[in-house]
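A, B and C are the chain letters, set down in written order, and residue numbers restart from 1 in every chain.
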């Protein structure tokens, strides 16, 4: 099993460490009493370092997203621990869980479904503050406007509804909302996949800036290796619900070990190599 | 087969629940059939108590229900206080009349709805479809009560039809042909009313089901193969559209039964409706419960038939 | 009763107007009608219970602008009852005495919304003339006044019952849809029970349970409660559907990620998605319940005399003599039709509008 990209005399303490994490779903077959346990993922051990980005790549399927949701505390894993600042997040309940939610936030793949179409931009961004009972109305609004500026949205648009924004702008809204509580870890669940290439670049730029400014860590779930190569510091490869390889980006692309990793890399050809093949 | 068995059990449970429900509702009523009698100073309290005891009205609810259920399963629906006769034969006659009316109307309504609906769908957007749409809408908005009263008005003003009842005086003396004609003329207005009341939604649903099917790719493919339109409609589209329509059939039975009560009242058709209303006014418990149970049974039976039809025609259900 | 859902596209004539226009017209018409009914005391020339044994079954009073001598008068007038007294038909020319129509007359006292009292009526004529714009019934009561007052009873009954049904519907549908599991199963099976029965029979059965000799107000309230209690199943099912899909939306999940409680999620994110369905349901249910009340009263099981529920106005139509001789008694029934047209137009428009609003 891999011991991670920084196992060689690691200088940094990980922000979040996942050990032996697993989740299975129990399903009942229709018209029968038999129950089947379906594994989403098993025996996942990873570490995310402060100010760094860890990408998780692999086949499409519930595994990666399920992992993302468990770490984001939206679902509960069936085995394993999630350690942050000495606490096992997977075992928390009640008030402790409530306050720990500030640390980790998730950005969804489709911003249209992640934003309530009836609310205004300001209400959406301020909602986390409202739920966590922070500040007065005007304080929350001020903070929301501030966040809008940070993500590159014109604060004058505070009263607009999500439908009035473009796809890229909606994702910025979602990011602003995620930042409201000052999390240390942002999970991007295929957050760039629904955007066109131009918007992808812009949002990527924004995320990099934010990472530097606030020392944020990112967990980037993606199937797009090009993005990963641009953005991630470390990469973990998921195959059939398990992590088969976990290295720094450079090492992974340079010397992939697992057969699946090699397959993945091989199928992700660059535009130039494709054109080269066709003209031959 | 399991599907049908499931539906059957489901229906039985439903009926059971209905019986408890109707019985319970009636027990909630303060006072009973004998309450007005008790107000009469000439009848001693002792007599009233004896009467109540004789009819078992002084026992607690579960026991009364138990007795009733037991009797029902043996075909005994209790006794009517008002008529002094057993409920079952009373209900049977009325039920026969209601079934005659409802059955005829159901048949007629569907016989009309299907061609009208198909025709509308086939000529969608054209003049005839729009005209049909307007007529349907107009009929839909007229409240049933108003419709039936209008029919009654028609009967009174023109004298073409009898204003109530199921047979004329001297019915017994008529020959078979005469009896049939007499029955038909008495049946005409109530049936017409029921059909007019329930036809519009049926036509609309048939039309929309057909339209949906006609837009499906396989229909277009059939047309592209040069199959004549009539065949496309009847042999290709209709069978597929049949599925939701069979479900609708089940619902239409419920609607028909419900509306038949009103028709019977307004046009004086001697069915279960008038019996029920009178029983309510007289607090004739067993008649009321019997009538409600009867209508529920008819309904559930109708739905079961619809389920069976669905099972027979839709292969998808059989796959399970 | 229209048992089937009225999802089918509506009226031919209004294809011309847009849905919004249709809805606007319908709402205006309903508001106007409700206004008139609410202030029935003002708009009606007489009280609903005032009997006039001198003029039973009087046909609608003719309003004239030109008198027998051929003179035109700006102010319309009616002729008084003849010296020979009343009688059903042809009493119009009873006397030559003209009684001009007056506006804002003082008449019988009435209460406005149960609070203030007033004696001002929109129009009227001096005694002994009568102005029966819709004729009078067997007791000489003005049908127009009874129709307007009747609206208060029947419309109110329909409205309250509809709101009651929909409220129970939100509660049950919301809980069933949100929590799922056995609660969902239980509640929906219960609903099936209610949906599977012929509702009119059910209504009657419940009505049978109610004591027959209780005050009018109690009957009214009980009637409303019963109707409301029976009809919750369909709204509940529809709301449950909306809640089921709404609770899976990512924005609900996101809010959960901020630590939102179930109550907050329901209140802020899930239930607002049901508003469209709620409104449409209420618009559909009100006419159904109004009709239910009218039917029950017509059959003698509802609000009784002298309360002029519309059903009571129609009861006399069951008599042969009335049907054959007194055509104006049918007018209340006819007036119900446009009312229902308006209701169903509004409901259709709402349904169409909400289909196109992205959720």
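Observations on the model:
We take it that a contact is a pair of C-beta atoms (placed from the backbone, for glycine too) under 8 Å apart; a residue touches a chain by one contact, two chains touch by 3 or more.
Predicted model only: the values in this text are computed from it and were never measured.
Once CA atoms are averaged chain by chain and compared with the all-protein CA average, the nearest chain turns out to be C. Centroid analysis (C-alpha atoms only) places A farthest from chain B. Our note on geometry: chain B versus chain C, Cα centroid distance of 26 Å, whole angstroms. In this assembly, the C-alpha centroid of chain A lies 59 Å from the C-alpha centroid of chain B.
Distance between chain A and chain C, defined via averaged C-alpha coordinates, is recorded as 56 Å.
Across the interface of their complex, chain B is touched by residues 1-4, 6, 8-13, 192-193, 196-202, 204-212, 291, 294-295, 298-301, 314, 317-318, 320, 323-324, 330, 333-334, 336-337, 340-341, 344 of chain C.
Those residues of chain C lying in contact with chain A across their complex are 249-251, 253-260, 264, 269, 272, 358-359.
The residues of chain B lying in touch with chain C in their complex are 14, 17-18, 21-22, 25-31, 130-131, 133-134, 137, 140-146, 149-150, 152-153, 156-157, 163, 201, 204-205, 208, 248, 251-252, 254-255, 257-259, 261-262, 265-266, 276-277, 279-281, 283, 288-289, 291-292, 295-296, 299-300, 303.
The part of chain A that touches chain C in the complex is made up of residues 72-74, 97-98, 101, 105-106, 108, 110, 113-118, 127-128, 131-132, 163, 174, 177, 181.
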